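Chain naming follows the written order as A, B, C and D, and within any one chain the residues start at number 1.
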Amino acid sequence: MKPLRIGLIGYGFMGRAHSNGYRKVNNFFDLEYEPVLKAVCARNQENAKAFAAKWGYESVETDWRKLVEREDIDLIDICTPNNTHAEIAMAAAKAGKMILCEKPLSMNGKEGEQMVKAIEKAGVPNMVWYNYRRVPAVTLAKQLIDEGKLGRIFHYRAKFLQDWTINADLPQGGAGLWRLDLKAAGSGVTGDLLAHCIDTAIWLNGSIDRVSAMTETFIKERKHTLTGKVEKVGIDDACAFLARFSNGSLATFESTRYARGHKALYTFEINGEHASIAWDLHDLHRLQYYDHRDAGIVRGWRSIHVTDGDHPYMGKWWVPGLQIGYEHTFVHQVADFLQGLANKKPASPTFRDALETQYICDAVLKSAKTGRWEKVTKLKSRK
Amino acid sequence: MKPLRIGLIGYGFMGRAHSNGYRKVNNFFDLEYEPVLKAVCARNQENAKAFAAKWGYESVETDWRKLVEREDIDLIDICTPNNTHAEIAMAAAKAGKMILCEKPLSMNGKEGEQMVKAIEKAGVPNMVWYNYRRVPAVTLAKQLIDEGKLGRIFHYRAKFLQDWTINADLPQGGAGLWRLDLKAAGSGVTGDLLAHCIDTAIWLNGSIDRVSAMTETFIKERKHTLTGKVEKVGIDDACAFLARFSNGSLATFESTRYARGHKALYTFEINGEHASIAWDLHDLHRLQYYDHRDAGIVRGWRSIHVTDGDHPYMGKWWVPGLQIGYEHTFVHQVADFLQGLANKKPASPTFRDALETQYICDAVLKSAKTGRWEKVTKLKSRK
Amino acid sequence: MKPLRIGLIGYGFMGRAHSNGYRKVNNFFDLEYEPVLKAVCARNQENAKAFAAKWGYESVETDWRKLVEREDIDLIDICTPNNTHAEIAMAAAKAGKMILCEKPLSMNGKEGEQMVKAIEKAGVPNMVWYNYRRVPAVTLAKQLIDEGKLGRIFHYRAKFLQDWTINADLPQGGAGLWRLDLKAAGSGVTGDLLAHCIDTAIWLNGSIDRVSAMTETFIKERKHTLTGKVEKVGIDDACAFLARFSNGSLATFESTRYARGHKALYTFEINGEHASIAWDLHDLHRLQYYDHRDAGIVRGWRSIHVTDGDHPYMGKWWVPGLQIGYEHTFVHQVADFLQGLANKKPASPTFRDALETQYICDAVLKSAKTGRWEKVTKLKSRK
Amino acid sequence: MKPLRIGLIGYGFMGRAHSNGYRKVNNFFDLEYEPVLKAVCARNQENAKAFAAKWGYESVETDWRKLVEREDIDLIDICTPNNTHAEIAMAAAKAGKMILCEKPLSMNGKEGEQMVKAIEKAGVPNMVWYNYRRVPAVTLAKQLIDEGKLGRIFHYRAKFLQDWTINADLPQGGAGLWRLDLKAAGSGVTGDLLAHCIDTAIWLNGSIDRVSAMTETFIKERKHTLTGKVEKVGIDDACAFLARFSNGSLATFESTRYARGHKALYTFEINGEHASIAWDLHDLHRLQYYDHRDAGIVRGWRSIHVTDGDHPYMGKWWVPGLQIGYEHTFVHQVADFLQGLANKKPASPTFRDALETQYICDAVLKSAKTGRWEKVTKLKSRK
């Protein structure tokens, strides 16, 4: 097996999820490549060392620029806050490294364009961690749609509901809370949660033409962890938008961190001429499927427990009926990336694919300000 | 339309349910016969009058023997405690009345045999109110089984779970509580709840050959409403049994009034070679259906919302998606009875059909005492 | 009991639902008033007679103006297409009749204002049949909100999804299909289905200030039943809108007749600071309730089977665990109307209450045309 | 960290599950011990080598006796068919190794007694892989019961339903199919699936006194993979039994491999005086909980999504709302075993704990033969 030497930047929640993916992938998938955990980078050396010990990284760095320049690294994995993605990615591209970047790709479309330009100029393999595409039930949804099972699509609706910021005493900014800080995150639920919904949506249902959005910040001021002062909250606590897809279907999207009772309830439903599908992350193994072509008296929503050997990815794991979890989506994404390296067929979503999501987020945030329908910038195909 | 003059005996819960059935049936079903609420009979005249006023009965009686003899009555409907069914039914048969009898038919098989003999000798139309056969989802289950959709049956399991007698302060006996009094009820959950499960089971899956049962009385003594004294509780609070059907399938049955959180959770599931079905009374409009012949990757339990026009009975009510409730099962049973009168094809379950359930209850209660498998007395066909 | 003499205009789906309500209400509720089915009116005398025979109406009329003038009628119940509500209601008001009107109240806000003016000038009791307020689980939701169980409300979302017009061969107009005819219906899903969602929403969560909407007509032309020609379809097949409530909460609303697999899936969810609730019409007896004040490790969405004696309306029906259905919402509404007559406290929603829904529908349809957020006309309190 | 050198015997489904547990445990749990994958043993050297390469075992053996004697091994993990457990375990005990053994412990109680005797004489740490105790929702159930939340227990019911052997062409015996071979497995669903149900049951609800069982073999003959001949099938395809617990509660247990539509549907429900709980493996993250002490109008079954940081084990994984899967139960069991080594408090179930399950299985299989209630041999406490 060929080693693929990983340099990880950032060691938070996503650092763990990716590391687990690298460590497990070869136990379950037959691949040409094998990730080698070469180095982890964090500003605080002690933390970096502890993480390296826990996960088996061979070395640590405290300056990402050094990591990017190291010759024994093949791939840079960016798990840092959103406002650092561009700089790191462009430096890594320049250094000729493969790049995996946490989502969202960038702070906005413009920045994303620069990243895409740089990375495509460098010609390095790249991918963005929109992991929910690789939930087996979601991949199955894609397969059913591509087979034409749904026919003409009329409706798409997606939600991502959480409730973790209802408490007004929660501060903004700092470790674990940078998602509440506009400067670090770029936006609130739009870039954090709706970006996931949008990525899945355009993968399953194609491009979005225009949107009409509203956003709200329910708690206007929070103590800032870094400054120690109570400061205005700049992010969107909630965002909902109407959308029209290029294929003529209508959509509603909504996300919030103020939906009491929901922790990570990402749901979507698609209604087609012949069939409909629905899914939710809280019961991630189930795909709901309704097929109008079933005989009338036994038509009903099927609750497909996506655990059979012929379901996407599931043949690699256990036996029918037994579930996998959230972390496995990262294992699948690593597996597909490695497969893509071997096959010379890039695994999706690439930086360019992820740029389309940025354009939509831009239009959403703009519409929320203007109060009008806003057109989405068209993604150009790679020349 | 031909009038069918009803004489109702008893005015409790079931008196209301049946009366509602008689009053509504012609609004929704096209039938040759129309029930006319001629008289209601109860020992307490005031109560009888109040009930008659509420439901539109033309007259009242306080002695059921008088009612049975009245010439302006075509049909006697028995809604009194179990220990009175036999006497009333046999008198009514002798008087040449049609008879509808609440379930269970009788206190035991022996008594039931006498009733069947009397009624068949009299040659009068008769039926027992096992109403759950006429829940549209249950009727659909029967239809699917009769079409052979399930193939060879391997398993049947049924439960009827309630929690209303956990409170030790609840007295036994008297109005509304005669179901706790062994003398009035004959048994506890076996005759009250398992009788429903058994009736449905033999309708759907054929005869039961033998059973192994256990019963329990969790609260050993309760104040008796009639005597005012604390007395030993004679009924079974809970009963579970294993069974073998004549078709080779295995079954488990269970009922209790000590299942906290369940009010009237009658459920059954049938597993066949090709397909399985499941149903529960708390969501009575849904039939769960799994068909192994569906294409592998989209196989799943279908939640059939049994409200379409081509589902049993549903074409008579509203539009797809809109539900009916518990009381409609009685309307359906009245409709089928009236249809049967017109067609000269008796609606099921007849007294004879219901006798089979008594035989099974007898074997269950016997097994609970002997600690052995007990054979079920075979129901003889009508000569 | 005091008789309340009913004159029903229209004998379609709603004519049946209301008639059933009138016939059943006194069997289950203790009331001072008793509806008497005096007359049904329909243009076709034969149909009127058949309906009268089926439901027990004493007489028939073929001209609604005659019915409205009859002295033996106390109450006019309007079950005709939307474009006739205003004229009939205003004539009935002039004749001093009480008026019950099917929803939506009117073709638009302006027409609705005239109706409210006329009826309030006449001083007659009045009500609009937004029946879903009286689903026991929905009434329970209202009770919980009024008790303050949810705290500050952040989010409201409602959908009403159907799939019955996906077939392009379905004609527009005529008996049973006037809902597809713009002239008769005034709008498509907005007035037919979203009106229900809006009525419940403002009842539960107060006024809506502004909306941003989109509508779509998926099938552009259909044969018109009345003209026999293929004509442009004028109604909205689907409509979705964003809204802001006066209490600061955000909302999404959506309705369509192109959501394969859903027959009458009216759903709503409300997220408050302390608790959330959710409901859907396909399982109408269940209220989902999440209370953050529950102890952490046992917090979860509670599936409340709203069938207990202390749940709204349920003490009048059967026993815990046993369900009622769609038609009972009309029985409840009749009961509340009759109670209101006795108490001199008008049952809601009155015509004035229902006018608010018209204003919102107007703003929704306008926004769908202008592509902008539109303010909702404020309902004036009665002087 | 102290190394714990593992010698694994067998490399099938369970070999993978355990190996994954060893490899992951230190990434997520803070522990004194760290498993080292020293050697894997299989009769076929090539297969052993492939497995070792995939999972990172340092060496291979083809004779388990050699492995057991190796000085560089601390712990023997037995993942071989049931009929080999005793011999290996007793040899390993003699060699002074710690022993982890796949369930069921043994072919029967007698054999199990010898194993317990040997291992306790040797004084080595030991554990049996009844992994379902460590599903977070199941562990939470244990916690709630131990806190007394349920009060007096009235009912226990468990099922383990599969459908993978309905096909009559499936052979018995050989790799992957030894579970159909009586000689290798000792029994069918009783030892394979009911053993899990029983282990959980006695952990949650205490000892079982007596049972009444039935078994069935639906497909009487199957081709034997090893002999190539069609042979009588000796195992039980299905087994159901009634049971009485020492605490006075009643139970039903059922397992089958002929329940179409169910892959690994292990479910249990417990009804107590104050509260009830229910769980199923197909949605393993949800614990259903009903508490009668909730206020009446908002009582309902709570669907607890067991993913919060204060739920058992979940603080070690991701964030609320995100699920783990089947394989994590083995990680938890390894973690608890290692913790137990550090604390000198044996992790359960030990061999002795697991012997109790063997006694119950013996009584079940005996009762199925005798047709009588059979007493369960009492487990003696360790002297």
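Just so we're on the same page, contacts are C-beta pairs under 8 Å (C-beta built on N, C-alpha and C of every residue); 3 or more make two chains touch, one makes a residue touch a chain.
What you see is a predicted model; the values in this text were computed from it and never measured.
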Q. Comparing A-C against A-B, which pair counts more contacting C-beta pairs?
A. A-C
Q | Interface sides of subunit B and subunit C: same vs different residues, half threshold | A | same
**Q.** From subunit B, the most remote chain by mean C-alpha position
**A.** A
Q) Which integer distance in Å separates the CA centroid of subunit A from that of subunit C? A) 42
**Q.** Where subunit B and subunit C are represented by their mean Cα positions, the distance between them in whole Å
**A.** 36
Q.
Quick check: how many Å separate the C-alpha centres of subunit A and subunit B?
A. 55
Q) When you check subunit C against every other chain, which residues touch at least two of them? A) 262, 301, 305, 308
Q. In their complex, what parts of subunit A are in touch with subunit B?
A. 140, 143-144, 149, 287, 289, 291, 294, 296-305, 308, 310-311
Q. Where on subunit B does subunit D make contact in their complex?
A. 154-155, 157, 161, 163, 166, 212-214, 216, 218, 238, 240-242, 244, 248, 250, 252, 254, 256, 258-262, 271-276, 290, 292, 301, 371-373
Q: Under the touch definition given earlier, write down the residues of subunit C that touch subunit B in their complex.
A: 13, 16-17, 19-20, 23-24, 26-27, 54-55, 162, 164, 262-265, 281-286, 305, 307-308, 317-328
